[in-house]
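Multiple structures follow.
Shared between the two complexes below is chain A, which has chain B as its partner in the first and chain C in the second.
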Partner chain A sequence: MLLEVRDLRVEFRARDGVAHAVNGVTCQVDAGETLAVLGESGSGKSVTAQTVMGILDTPPGRITGGEILFRGQDLLKLKEDERRRIRGAEMAMIFQDALSALNPVLTVGDQLGEMFVVHLGTSRKDARARAVELMDRVRIPAAAQRVRDYPHQFSGGMRQRIMIAMALALEPALVIADEPTTALDVTVQAQVMDLLAELQREYRMGLVLITHDLGVVADVADRIAVMYAGRIVESAPVHDLYKAPAHPYTRGLLDSIPRLDLKGRELYAIKGLPPSLTRIPPGCAFHPRCPMARDVCRTDPPPLYEVDEQRGSACHFWRECLDG
Partner chain B sequence: MAEPVLEVEGLVKHYPLTRGVLFRRQIGSVKAVDGVDFTLGRGETLGIVGESGCGKSTVAKLLCHLERPTAGAIRYRGEDITKLSGKALKAVRRNIQMVFQDPYTSLNPRMTVGDIVGEPYEIHPEAAPKGDRRRRVQELLDVVGLDPEYVNRYPHQFSGGQRQRIGIARGLALHPEIIVADEPVSALDVSVQAQVINLMDRLQAEFELSYVFIAHDLSIVRHISDRVAVMYLGRIVETGTDTEIYDHPTHPYTQALLSAVPVPDPDARDRRERIILSGDVPSPADIPSGCRFRTRCFKARERCALEVPALAVPAEFRYATGPAVHDSACHFAEELRVVPAEEHGNGPG
Partner chain C sequence: MPEQPPYDSEGAVAGTGMGGAMDLAASEATTLERAPGGPEGPQGPEGPGGREDAEGAGPAAGRPRSLWSDAWRDLRRNPVFVVSALVILFLVVIAVWPSLIASGNPLTCDLARAQDGPAPGHPFGFDGQGCDVYTRTVYGARASVTVGVCATLGVALLGSVLGGLAGFFGGTWDGFLSRITDIFFAIPVVLGGLVLLSVVPGNTVWPVVGFIVLLGWPQISRIARGSVITAKQHDYVQAARALGASNSRILLRHIAPNAVAPVIVVATIALGTYIALEATLSYLGVGLKPPSVSWGIDISAASPYIRNAPHALLWPAGALAITVLAFIMLGDAVRDALDPKLR
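Showing the complex of A and B:
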């Protein structure tokens, strides 16, 4: 197994108490596999990603438990300089907002080349040549000229390609992409997702795709982990989950999408709002919004029940949910 | 179609590009909106879709008279509002209200919810007598699904979805006929989007509202719209009923746009064919000659660089009937089904 996260817990000190951002996340990704982590804002999906990458700000964040096994080695036990060697070379991250993730005062060529200079000790001149190669790779037209341009001189789609090039520069085994296409228009989004999928196949990378878009997930994921209030509430192979969700939150999300191919009546809406992370409801965190909630849901937090070998659901009544 | 409440004709908005501080000279212009025509019927929803920079938000601003057009007419009940000013303009504005995209920046953080929703009455005191305003505001909050006791709270005490409800309540305060909603749900979480869309649907039936609904999310636009206009670089390239546009698109841009939308159904992965457009949208300051879509079009030929295609029923369809016959600004329009036919029933729900 390439990456295995076990019972990860992260909290933040906030003005009105402690925010429990990640509350026991367990998941795994294999080489060549795409795991989609699906969740709304505040579900803990980005904090999980940052913790795995080792770029979480501590303080205010605090890792209070769990293990992150990368090729069997617990990253949380490593020293910072050991982690830095892994980061970028063996695991890399693609951010949502390329404009703020790239350095505005360095040319893209310098930023791409830096990967080779820092990690491999390549000379500046060779690094420049590698940068051009990479830009060709992600199909940026006229790469040899544009290597001297600054990030603001590129369009949003092109900047995202540069981010991808930078993440893939050292052919990492694992890439975490945090909402890589959310800021892009649909026609450009399709171009970028296509490119990402193609490069993933080529390098047999493990890809963790963090998103809130159920359409993107259906398009590219092999497996899905649905997050709610800092926990994974359902994990399943993509076809199984869309066919028959085993958690009422997943079901609610799927039902609430207006479908292009199904002009709807009134949309199904999950009632209420996601909870504040400083005041997560007791028992099952989803119970105040759940149409299936019963007494036990208010008191007993559900474990991740095994639905079958490949599926898990954190709902006491997953059988009922599965049957519709 | 229902009796028209709004007719837009040849609407143009160019922003000048200038150079120099002391001696300012114009070196060109950004053609944000470059000749847009449409009609909005009473009680109808017109969806406007397009990618960023296509001019859809500028159209919204022009409709609400937040910007003055460079040319063209916007007729509300037969009267051109672009020519109005002073009292006459104020009277018309009552009837065309706007709901903004970002519920975080469109509400004044120093005003209470009661003041925000009641502010339209300060500008149009004839709409509600002074003593009656608080009651009216509470009624409005109730209508949009908020607790009327919240009048004294501030915007930061609410979630994004609730704030959008406050924005909608403000839009309704003067009993307008038309609401222009610019990306009203795109800042909201998926589970909350559905709540706001349902609210807008309900209010439309209750108050006989006409909506201009602007969004980039094609599935939401289809859900709420009676008719849809697809914009590209400042112009409408195709327009028709939702079925005509989504199931029988004839313009290559619409086809590419629809094919690029990820469908929330993993089984559709293999069944559909994607049209991946090359390149980016050209700058609105430097619009290609002829058909403005030709630089990215998979069908472009010589004629496309020379002749501007008109938004009309294409010549090929002149004697045809059926849903493929609708306005499409393409020299080589032809029908192409891009959203795969669904075998439903195995979906969730």
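Showing the complex of A and C:
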């Protein structure tokens, strides 16, 4: 197993109390596999990703429990400089908005080359040549000329390609992409996703794709983990999940996708709002919004029940949900 | 990510008690902190490389542009910058080689000609001791420029290193440094100068420079701290960390170039005020003392005779005013050039 996260817990100390951003996340990614982490804003997706990468700001963040096993080694027990050697070289991250994730005062060549300088001690000149190669690989036209340009001289899609090139520079085993296409328009989104999927196959890396776009997920993911209020509420192979969700929240998400065959009818929406992370409801965090909620949901937090060997659902009534 | 308590951004740049020009500098720094190379970036209105997508190789890329090259191009076209830069260049030249334009000796005085008006070879007339005002005004530039440049360099280095580190690492060290700057802000500049400099022996510019650095660094330190905190929150810093860059690399390569603009601007403006401060201290008798030559000393010496010989006061005072104005205008032009939103 490439990456195994076990019962990870992260909280933030804020002025109005403690925000429980991640409450026992457990998930796995294998080499060559794509895991999509799906959830609303504030469900803890990005915090989980930052914690795995080791770039969570502490304070205000605090890791209160759990393990992050990368190739069997617990990252949370490593010293900072040991983790730094892993970051970038063995696991890398693609950020949402490439314009703000690229330094405006450095040329893209400098930033791409920095990967080689930092991790391999390559000379500046060689790093520049490698940067051109990378830009070619992510299909940026006229790479040799554009390597001297600044990020703001590229279009959004090209910038995201550069972000991808940076993340893949050292052929890491694991890449975490935090909403890599959210800032792009739809046609460019597809190109960037295709490129990412292609490079993933080529390098056989594990990909964690954080997104709230169900359409993106269906095309590229092998498995899906649905997050709600800092927990994974359902985890399943992508086709099983789309065919028959085993958690009412997943069902709600799928029902709220606009469909052509239901044109003209009112679009379904999950009622209510996601809970505040400082006041997560007792029992199952989803119960105030759940159409299937019963008394037990208000008191007993559901464990991640095993639906079959590939699937898990954190709902007391997953069987009913699965049957529709 | 949940809301975290925002950094105290108002506190990053505070009023200084250093006088109007310094407050002006500080207020301009506040607007600058958000600006240079932020997420909105220095994307010009025409947006070079704005809309080409997958296929297009983009418009002929031209030469690379950056915050600095854009700023430089703007500055060269700005008449305010050109004029003030020429004035400053002239001042620096006569500070280094005063004999280029003044052949006399500023200490050769003839009491018989005291308070005389302009005469051939002595275009500015004579002061109360019968010294040539023109020669003394030219030689006075050296003290002023030395104090201005050295004090500014010292303040900028000390302030930006301490403030930058405090802003980057935060925590206890930051709290400690912020309290120290508070203490220094509480010291009135002129009063502090009177007390501290009156006990320092010697008659060189260095005690004055040291005093200005001592009282001046907290201002730059606050500005550097504020702009480092702003730059630190940008995604590219997190991205650099995610790609395995070390703290020193992040600080020097990713944060410093994005945080240095406000420091440069405030330092340029502060330079003018430091020159005025040296004149003030010399006027009060605690800065340089005769036989040193300085505008402050000459203004001080000429002030009792302002009715009989106003020229002895007006020339050094005018030189001082022009110098201070030139530096403040330069700082203002640099500020405008480094603010992409004004472009």
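Note that the second predicted complex is superposed on the first by the 320 of 324 C-alpha atoms of A that agree within 3 Å, B and C clash if a C-alpha of one lies under 4 Å from a C-alpha of the other, contacts with A are read in each partner's own complex, and residues count from 1 in each chain.
One rule holds for everything that comes next: contacts are C-beta pairs under 8 Å (C-beta built on N, C-alpha and C of every residue); 3 or more make two chains touch, one makes a residue touch a chain.
From a predicted model like this one, the values you see are computed outputs, not experimental measurements.
Peer 1: Thinking of the overlay built on chain A, is A:V108 touched by chain B (first), by chain C (second), by both, or by neither?
Peer 2: Touch status of A:V108: no partner.
Peer 1: What is the contact status of A:Q191 with respect to chain B (first) and chain C (second): first, second, both, or neither?
Peer 2: The answer is both, since A:Q191 touches chain B and chain C.
Peer 1: State whether A:A21 touches chain B only (first), chain C only (second), both chains, or neither.
Peer 2: It touches chain C, and chain B stays clear.
Peer 1: Which holds for A:V138: it touches chain B only (first), chain C only (second), both, or neither?
Peer 2: In the superposed model, A:V138 contacts neither chain B nor chain C.
Peer 1: Between chain B (first) and chain C (second), which does A:A92 come into contact with in this model arrangement: first, second, both, or neither?
Peer 2: A:A92: touches chain C, not chain B.
Peer 1: Please work out whether A:S46 is in contact with chain B alone, chain C alone, both, or neither, and reply first, second, both or neither.
Peer 2: second
Peer 1: Is A:P151 in contact with chain B, with chain C, with both, or with neither (first, second, both, neither)?
Peer 2: second
Peer 1: For A:I232, decide between first (touching chain B), second (touching chain C), both and neither.
Peer 2: A:I232: touches no partner chain.
Peer 1: Starting from the residues of chain A touching chain B, keep only those that also touch chain C in the other complex, and list them.
Peer 2: Overlap of chain B and chain C footprints on chain A: residues 155, 157-158, 187-188, 191.
Peer 1: Given the complex with chain B, which residues does chain A contribute to the contact?
Peer 2: 40-41, 155, 157-158, 185-191, 193-194, 212-219, 221, 238-239, 242-245, 251-264, 266-271, 273-274, 324
Peer 1: Going by the contact rule set out above, which residues of chain B touch chain A in the complex?
Peer 2: 51-52, 159, 161-162, 189-195, 197-198, 201, 216, 218-220, 222-223, 242-243, 246, 256-269, 274, 276-277, 280-281, 339-342, 344, 346-349
Peer 1: Going by the contact rule set out above, which residues of chain C touch chain A in the complex?
Peer 2: Listed in rising order, the residues of chain C that touch chain A are 1-5, 37-39, 41-43, 48-58, 61, 64-68, 234-236, 238-246, 249, 253-254, 257-258.
Peer 1: Enumerate the contact residues on chain A facing chain C in the complex.
Peer 2: Of all residues in chain A, those touching chain C are 12, 14-15, 19, 21, 42, 46-47, 50, 53, 55, 57, 60, 81, 84-89, 92-93, 95, 97, 99-107, 114-115, 118-119, 139, 141-142, 145-146, 148-155, 157-158, 163, 166-167, 187-188, 191, 277-278.
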